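Below is one structure, written out as structure tokens, with a few remarks after it.
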Amino acid sequence: MRPSGRLANQMRTISIETGFAHHAEGSALIRVGNTEVLCTASVENRVPPFLRGKGTGWVTAEYGMLPRATHTRGNREAAKGKQSGRTQEIQRLIGRSLRSVVDLPALGEMSITLDCDVLNADGGTRCASITGAWVALRLALGKLVATNVLRQLPLRGQVAAVSCGLTAAGPVLDLDYVEDSSAAADTNFVLTADRRIVEIQGTAEESPFTEDSFNELFALARQGVSVLFEAQTEAVNRAENR
Amino acid sequence: MRPSGRLANQMRTISIETGFAHHAEGSALIRVGNTEVLCTASVENRVPPFLRGKGTGWVTAEYGMLPRATHTRGNREAAKGKQSGRTQEIQRLIGRSLRSVVDLPALGEMSITLDCDVLNADGGTRCASITGAWVALRLALGKLVATNVLRQLPLRGQVAAVSCGLTAAGPVLDLDYVEDSSAAADTNFVLTADRRIVEIQGTAEESPFTEDSFNELFALARQGVSVLFEAQTEAVNRAENR
Amino acid sequence: MRPSGRLANQMRTISIETGFAHHAEGSALIRVGNTEVLCTASVENRVPPFLRGKGTGWVTAEYGMLPRATHTRGNREAAKGKQSGRTQEIQRLIGRSLRSVVDLPALGEMSITLDCDVLNADGGTRCASITGAWVALRLALGKLVATNVLRQLPLRGQVAAVSCGLTAAGPVLDLDYVEDSSAAADTNFVLTADRRIVEIQGTAEESPFTEDSFNELFALARQGVSVLFEAQTEAVNRAENR
Amino acid sequence: MRPSGRLANQMRTISIETGFAHHAEGSALIRVGNTEVLCTASVENRVPPFLRGKGTGWVTAEYGMLPRATHTRGNREAAKGKQSGRTQEIQRLIGRSLRSVVDLPALGEMSITLDCDVLNADGGTRCASITGAWVALRLALGKLVATNVLRQLPLRGQVAAVSCGLTAAGPVLDLDYVEDSSAAADTNFVLTADRRIVEIQGTAEESPFTEDSFNELFALARQGVSVLFEAQTEAVNRAENR
Amino acid sequence: MRPSGRLANQMRTISIETGFAHHAEGSALIRVGNTEVLCTASVENRVPPFLRGKGTGWVTAEYGMLPRATHTRGNREAAKGKQSGRTQEIQRLIGRSLRSVVDLPALGEMSITLDCDVLNADGGTRCASITGAWVALRLALGKLVATNVLRQLPLRGQVAAVSCGLTAAGPVLDLDYVEDSSAAADTNFVLTADRRIVEIQGTAEESPFTEDSFNELFALARQGVSVLFEAQTEAVNRAENR
Amino acid sequence: MRPSGRLANQMRTISIETGFAHHAEGSALIRVGNTEVLCTASVENRVPPFLRGKGTGWVTAEYGMLPRATHTRGNREAAKGKQSGRTQEIQRLIGRSLRSVVDLPALGEMSITLDCDVLNADGGTRCASITGAWVALRLALGKLVATNVLRQLPLRGQVAAVSCGLTAAGPVLDLDYVEDSSAAADTNFVLTADRRIVEIQGTAEESPFTEDSFNELFALARQGVSVLFEAQTEAVNRAENR
């Protein structure tokens, strides 16, 4: 029995609110249960130095957590003067995941920065960030098409992420904080709507696990992301039809 | 005529939503027109080293702005590795302003950290932070009384802030971003509900101004904060009655 | 009765020694009682990136305190690896104050950096810095005119600063360290010789104060700066006649 | 055909030299082809603050690369003043991987720091680090047993790592630099000698891949680590018998 | 012929003014020609962690240069966020030099920090710092004896420093900036009044030099420091007799 | 009697292995007894900003120590976020020493960076670094001649370094760690093969020493470097003949 009473293969309630950030070219406030992340996409007419003059674009991500997004207040990274290893690991993952579905040469010499800021944390913030960032990115690209900057969406598909783990209740989908902090192992799956793999990060600090367990987690993830792809699609449609 | 069509002495629409941050002892999401700040109050059972063993409490503040709270994306301070002078100036102001109405010895050896994070910026973020932080602080103190940690609220009154400035439309109340960036001079007033002064910060980089102009700005501020005190009171009542 | 025996409206002894820094285009070693600040003006033939090609100049300031300018030794900011919030707040104030009296377009694409380094501290260091920095700036501009780099002084007037506060002896002018550290409230006034306001920073951390008190402090400040304007004028005359 | 002429399932030549670092409690200079990493294990009689008094030990890792371990010189992280996100990500991975096979309570209140410094880089440095760090750790623990600090090895097994990827030559084992920089996708497998999973990190920045491809990579990794486990065992035996 | 017209073995004019820093336990404003350094000695009742409980004292030094002490303005180290290698090298030298003449166990568990801040630079700032710091230290120790904190001066002698170099005018004593920046080689000699060596730092970046040249420089230094020892003694006598 | 049983004028065993770093234009792994430093020379086709367009080259050095090169583990400088004063002092010394024998204009607008990383430390790491860096530099320059980038070696000679000190066993050559940490004084001599002086750094923190002692140390150093020059020559010959 899971602490939340959910079934093993049951996602938390998902909602995606677009347009929360007034100035961003695209934005999505995603809620996965009590985890809440504000994702914005910012378009700039330049690329980082290593890409200048190569006729290709860039997509990158930054991640942050408000100091009191968590049960006890965490130190503000800006005040400490550096981003933690965890923060950097997460923002690199978000950036790679989104780049995997963007046709960078088709984007041309523009950069899109995806900022994912956690307002409330209850487990799964990196997965919610990837899922929400895709919506922010999609809306920003849509605006570039609508304003004739681009002819068509330089997007190869849809990407979303979910974490699964081995808990006292067995293998379960979409870990919340209580589950996450006591799981023997957990794996983040970043998958595409056409059933391919973008990233898999499985970790078993507590106790190494078997290939069979891994396959069970993978099957759960397949179910989870299908819910997320629907929520993304619906949010984009809602935003573009108003 | 003001760009927004407002009267010279007209505040923008105010709303204060409490409880937005799930984990904080007190929180307020304040909206002043299109400026939106999430304020949280975090209580800890310890004081900074310079106060240890003195039987008195502490209240401090930190301020931040999400990278895309603004028209064009700003660099993330955590990534740059330091807080700007502007950020530090603002968070010091918020801290002093709130301490001025707290009875620190009555608080006892506890600290309250007020985090003010700007989600959307349209001028007046430091004033909105002070006004919202008071609500977050008040709710956190109320919880300490409700749980018998404190016998009564260690609070000497109510504090709120508003900016006034000399613009093309003359002296006006509650500058938005367009007004703020072209004002000849502007002044932030941090005032108490019993009509006293906590902080006054008047700045005339463009062109020094007269004492008469200053007095006009002060009179506008008096009107503005009365609206804010009502909004604060109503938000606290709403939060504590539910 | 004030600790120093001064009258409520009595400034400390003022002296301004020019030319102390051998290499600077302008320099002033200002003494206000036992507070002593070395102010230098450095001219450079370039402006910061955000002004390049705009045909206008820039004036900025940096502030520092020698580690043993104070009663007990403070940590060296260069060794700590960052400037405190207080330092940044002060240097931003000095920069804004001096820019308010400079005709930046008339200066042309040049920068002037005002360095204010406190050699001995006894209260009022930011005010002494502004007052001394004006002399250093004025001498540097005079040298640009004397060497035909500029046709005339790009200066709109004279600026000086003084702090007033509410102490046990009532409202008093020009706080020294003992008064400053026990004042219920204090206000820094940055004023021009033509009786206008550049900056007002009033702070009442201990206990909010009334508008009447504020007006009394303002009246004292008016008296104080008239003494400073004379000292500035005399120092400039002395320097340029030798 | 692979650039090196190796078969798809062929590892590079492995050698593990122990005792290279004179002072460390355990050390291994591991060579995987032209990749060369010096791994040291340092034992200290204390644990980090968050573990004090809990009767349990700690294992952590740090990773670095000499500036000219690579084709073109990289900047020294100590000179830049911070570790890159890549460095932090790798050292966190090494730490988690080794902790997964250590019985931390049995270790008692001691810390072991594993330093992995790359002397020559030709792809696969993080995997070589994990494999070599296990030997350094094993030797340090052996010394604690030999000196009666511990009764028995607090070790639950053997861990090693290898990367596999999808290249122009199809799925291949143990990528070198040339392969790594052009692979469509690559996955690092951290596995135990009893055939369980510690970490899996699959990345497909270029192009998402199928579950079948993933399974092929996994099968190759199984073959690869069996070679590494042998090399580890042999190195430990050689070291402890002399 | 030297640029200044001085003889090869002629020091610049020396003056040492004590008491310039009001708060320091000892202070000396030393002028060696146009080089001017403010040296303060600050006494604290504690030692650094590595000496706690060992019954011995500590002497350390910090060095800084005001941004406009030089011909063109240098960046402020506090603003850059770090001390340069040159600064650290100099302050380590000053600290070692002064410690060499202090009886640290006789000082007891107290620290003395010597701050040397260059107000005007014209070559030889590190040597002037050492020479002036000895006076500040001596006065601070004298005060500890006068107030019965110590029974006698924990001082083994007098230390001073001078630089000599190989210039177009041959080997010369006490280089000024013009000479220093074009010398083929220069050497700093830190010597004691009883004719012993504390530090010798000879550098020949431009062109390696012979042992004979070195011996000539050494002989000049012997002459130079005898002038400095007299100036130190006189300054201390003047300070303690008033 | 020296702890190692060596004679007063006896160097430790020297070995210099070239080519250890696969990618560097020149590399030398130097062993002086148990001290072991990996030195690499990296050639780049550009110079630092202050030399651009001046038609001259640059040689610089960086120094580091692996965390467990020492008896007890030291903190990693990259993790601490800054290089210690000691590190900066040493790398500046290495850079100056090597520049003294390079004909920078003949090198043309190229930079050579010498990285000296200590793998095992047993005293004398800065001297071993200089001696080994010369070999790495020499090989890199040789490669530039061999590939017709330069017509001839822009090298004015050979440089090597050794430390001598006053120990319980009297003045001795080539201090190891045990001797170094208890010596009353020690001096590093950086000398050329044509018997000239590049750098002398004598330090007597414990107790100032006489000119006679200094001369004895100098004589020992002369003997020591002659051994080093031979080892350098032989290593270069071995490397270039294969």
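Going by the order they are written in, the chains are A, B, C, D, E and F; count residues from 1 in each one.
In the analysis below, a residue touches a chain if its C-beta (ideal position, glycine included) is under 8 Å from a C-beta of that chain, and two chains touch if they have at least 3 such contacts.
Fair warning: this is a prediction, and the values are worked out from it, not measured in the lab.
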Chains touching both chain A and chain F, listed by label: D
Angular offset of chain D relative to chain F [C-alpha, multiple of 5 degrees]: 180
Interface residue overlap between copies chain A and chain D, same or different (over half shared): same
Distance from the mean Cα position of chain E to that of chain A, given in whole angstrom: 59
Chain A-chain B separation of Cα centroids, rounded to whole Å: 32
Distance from chain E to chain D - Cα centre to Cα centre, in angstrom: 51
Residues of chain D whose C-beta touches two or more other chains: 81-82
Chains listed in ring sequence, where chain E comes first and chain F follows it: E, F, D, A, B, C
Chain F - residues contacting chain D, complex: 20-24, 27, 34, 38, 40, 42, 44, 62, 64, 66-73, 76-79, 81-83, 87, 113, 115, 117, 119-120, 122
Touching residues (chain side chain F, partner chain E) in the complex: 82, 85-86, 88-89, 91-92, 96, 99-101, 157, 185, 187, 192, 194-211, 213-214, 218
